[in-house]
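Presented below is the structure to which this report refers.
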Amino acid sequence: MPALGELSAALGLELRGDPGRPIVALAALERATADELSFVSEKKHLSKLDKTSAGALILHPDWIERWAGSALLSEAPYLAFAKATLIFDNHPVATGRVHRSAVVSDAAALGEGVTIDAGACIEADVTLGDGVWIGAGAYIGHGSVIGKKTVIKPGAVVCHAVRIGARCTIHPNATIGADGFGFAPSAEGWVRIQQLASVIIGDDVEIGANSAVDRGALEDTVVEDGAIIDNLVQIAHGARVGARTAIASQAGISGSTQIGERCVIAGQVGMAGHLTIANDVHIGGQGRVASSVTEPGHYSSGTPIQPLRAWLRSASRFTQLDQMARRIADLEKALAVDKEEHEDS
Amino acid sequence: MPALGELSAALGLELRGDPGRPIVALAALERATADELSFVSEKKHLSKLDKTSAGALILHPDWIERWAGSALLSEAPYLAFAKATLIFDNHPVATGRVHRSAVVSDAAALGEGVTIDAGACIEADVTLGDGVWIGAGAYIGHGSVIGKKTVIKPGAVVCHAVRIGARCTIHPNATIGADGFGFAPSAEGWVRIQQLASVIIGDDVEIGANSAVDRGALEDTVVEDGAIIDNLVQIAHGARVGARTAIASQAGISGSTQIGERCVIAGQVGMAGHLTIANDVHIGGQGRVASSVTEPGHYSSGTPIQPLRAWLRSASRFTQLDQMARRIADLEKALAVDKEEHEDS
Amino acid sequence: MPALGELSAALGLELRGDPGRPIVALAALERATADELSFVSEKKHLSKLDKTSAGALILHPDWIERWAGSALLSEAPYLAFAKATLIFDNHPVATGRVHRSAVVSDAAALGEGVTIDAGACIEADVTLGDGVWIGAGAYIGHGSVIGKKTVIKPGAVVCHAVRIGARCTIHPNATIGADGFGFAPSAEGWVRIQQLASVIIGDDVEIGANSAVDRGALEDTVVEDGAIIDNLVQIAHGARVGARTAIASQAGISGSTQIGERCVIAGQVGMAGHLTIANDVHIGGQGRVASSVTEPGHYSSGTPIQPLRAWLRSASRFTQLDQMARRIADLEKALAVDKEEHEDS
């Protein structure tokens, strides 16, 4: 239970108020109580300050006259809040031990302070860096290398010859390095193309629960440093996710597509294969990315929900769009209206 | 092998026909044989009665003149059929034992008749209610509480401090309580926001295979009593799924979105974050829900498949829609047509 | 390290060049070095031949004058490449042993040369054919039958009474035979319909990582011979996937839908339930399949991404489409333009 003054010091933030005030937890503005710390990260939330019971707030110095209570002042309140969550972290911690029920090959190399939990399996020629934590029932395949302090959560499967950097988290039931979906058609049916390359994951990468990052056929699948990937995401063989790119849940990146740095790919976005996506591209939810994107910026596709009957009419008319456009053109011709004025719209 | 009379008694349904007739199985109308029981749940299927060979049918009393054979009469034939499946259930049953290869913390509290199968791992301070069944290789994290008669299927991962109610089923390879996807941007890259809250699941909830329900940052993620969630569904941190709401496969609910009671969310629906969805809202498949829905009812979005060339034209015209609308307006102006008559369409 | 002549013999391809030339690996055209073999599968890639450093190429005899170096000539270069990947395969191989930490029921029947890796669990009445390989931590439920040489990868869960044919691969963390999503509404909430049928998978089938194939209620879910299914795919209860059909990542097939043979279903396609899809149907990415498809061919739906502002206008106009169409009709009436000429467009 840190006092407010200790939090000020730990977070490097200027304190206004009583440094001895105990803070027992972090809480959202709407629910925080007198012994809890909350935060305001956006100006639009300042209107909630009248109603909060928070004992102290992290907020921007520009907003300080809006709040009479205790405060920790930050130019980047959301980032300061993120750092505060580390102080109040309540996750279980690694034991630093190999559980008796884990199966660890004699030919695996374990760094200092490695934790391997119950029922995990570490195959031959695996290298686990210092402080690595392999969760219960997780699997690390032959020859894979896991960097320092990386955590592989329970049930995750890392196939053979995968390289994962330092300080990554692979969340539960994720699969890294399964065979890419590569088959050649033949008269006798699909012939599997053995996926001979692997998956290379940089440092500080997160791969969400139940996500799949497939190994490449001839080229490695790559996730660069600092990329963050949510749950149930598909990264197909030979794809590349640039540094610090964020990919939200259920998005799918097809084979060989190269995504730049600092992109934000929203939930359920689908990308075709063999595309190139520039740096700093943002794609809205369910976006249908069928061709390369060469310019940074925000893109979206899709249609909004409507009440069912209205939508049925819209969807039906969608299939007549080309006909409608040509009818408009005919009307314009008949009336001699100049359509050019709208061409750049 | 119950006789028809026994089924009548067990299901509380009026019998027409020979109570001694043996029924060996349930079967679909099209395939049922003379010693099998089938059902008709909708009027539109009555036309199939001429062709069925079923030995007996569950059907509505109003339809009885359409069927000369043995029958169990029910005002709710589909519900009666559901109850009949319980009588013919052929799933493996729990042993009531802890398998020698399971790893159970001394600091876990086990109720009466708990089953823990091979290789499962139960961490410290876990509480398992009476009759709980933990499947092979499943993982229950520190301090989690599982209510009476809940079944955690093989390979499912329940992280720390999760609370699951009674009579739930968590299907194979589902992940409950992994860290929500919360990061603050900084000059050095994404900074993780520790997810300090948890997941609270009510009674009689189903979570499908390979689905993920993430833990919250400051607010718990909540799935209320009687909600049913299909496979490969994403429930992000801080979201709430109201009582008896059904969510079909591959739908994704973003962070903090609050879904009301008795909603039906179809497959591959995507919901943005921080929305509020009223009670009794139905969203059609692949629906793109980008803003809150305040009124009950049926909603949909998207476009229908077309043959490829026709679709290419429609999709191309979609990007010209605003221009088309303005060209129509210009034509109306030129012709002095009153467009107001369509405004309420 | 085979010599080129050995590769020629093994692949049954005519060699042009030095049979003694050592080939150490396969590589993509752009990166292949002088001791590596590459391939050209499509005419459009012939322009890259000027720049490649590959030591030898698999290519079509018609293209031979475009390439002065060593070559293996094939009428089907992509298929020949697929077969070459088998020669250079670097995957770990099965040990043919049952690991001491695996839990195998005395009532399971194991064929010749079965491999069962660490922590796997094989329940009673399971039959494993000759050469079957069960990966670490995988689970095979009561009474399931796995055909010869099929590989069940780490973390995969096969529930009870499932039948899988020969030479299949079930990739990591896939779930086969979980309960279909079947519930009957009642005044007391959803009542589970026990899923009494199972999953039947043919020979030479692939099921991707983290995919789910649910068991049926009364009818088995069926995946026919030679079908290939990618990661994170949902196959709901009672669906049928025809022989040699390919389903890409994150597609979802709802209950009872019957897909024909040799179809290609792209990523994130969603199919409603109870549909029939003809043979040789191709559905483009994110396709919204709400009704049956009776004719072979290529189909697509959806809209392309646009820059955000442009898309907002398009999406907004989409909801006005019916009104726009009627305004066009009014204009045509006012002008007496004949719209019939576009009706068949």
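Order as written gives the chain letters A, B and C; numbering starts at 1 within each chain.
As a convention for this text, a residue touches a chain if its C-beta (ideal position, glycine included) is under 8 Å from a C-beta of that chain, and two chains touch if they have at least 3 such contacts.
From a predicted model like this one, the values you see are computed outputs, not experimental measurements.
Annotation: the chain A:chain B pair of sequence copies touches via predominantly different residues, less than half of the used numbers being shared.
In the Cα superposition of chain B onto chain C, the rotation angle, rounded to steps of 5, is 120 degrees.
Centre-to-centre separation of chain A and chain B, using mean CA positions: 25 Å. Residue positions 101, 119, 137, 155, 173, 210, 232, 250, 268, 286, 302-304, 306, 316, 318, 321-322, 324, 328, 331, 335 of chain B are each in touch with at least two other chains.
Note for the complex: chain B touches chain A at residues 101, 103, 119, 121, 123, 137, 139, 141-142, 155, 157, 159-161, 173-175, 178-179, 181-186, 189-196, 210-212, 214, 217-219, 232, 234, 236, 250, 252, 254, 268, 270, 272, 283-284, 286-291, 293, 297-304, 306, 310, 313-314, 316-318, 320-324, 326-328, 330-331, 334-335. Residues of chain C touching chain A in their complex: 25-28, 31, 76, 78-79, 81-83, 85-86, 88-92, 99, 101, 117-119, 135-137, 153-155, 169, 171-173, 204, 206, 208-210, 225-226, 228, 230-232, 243-244, 246, 248-250, 267-268, 285-286, 302-308, 311-312, 315-316, 318-319, 321-322, 324-325, 328, 331-332, 335, 337, 339, 342-343, 345.
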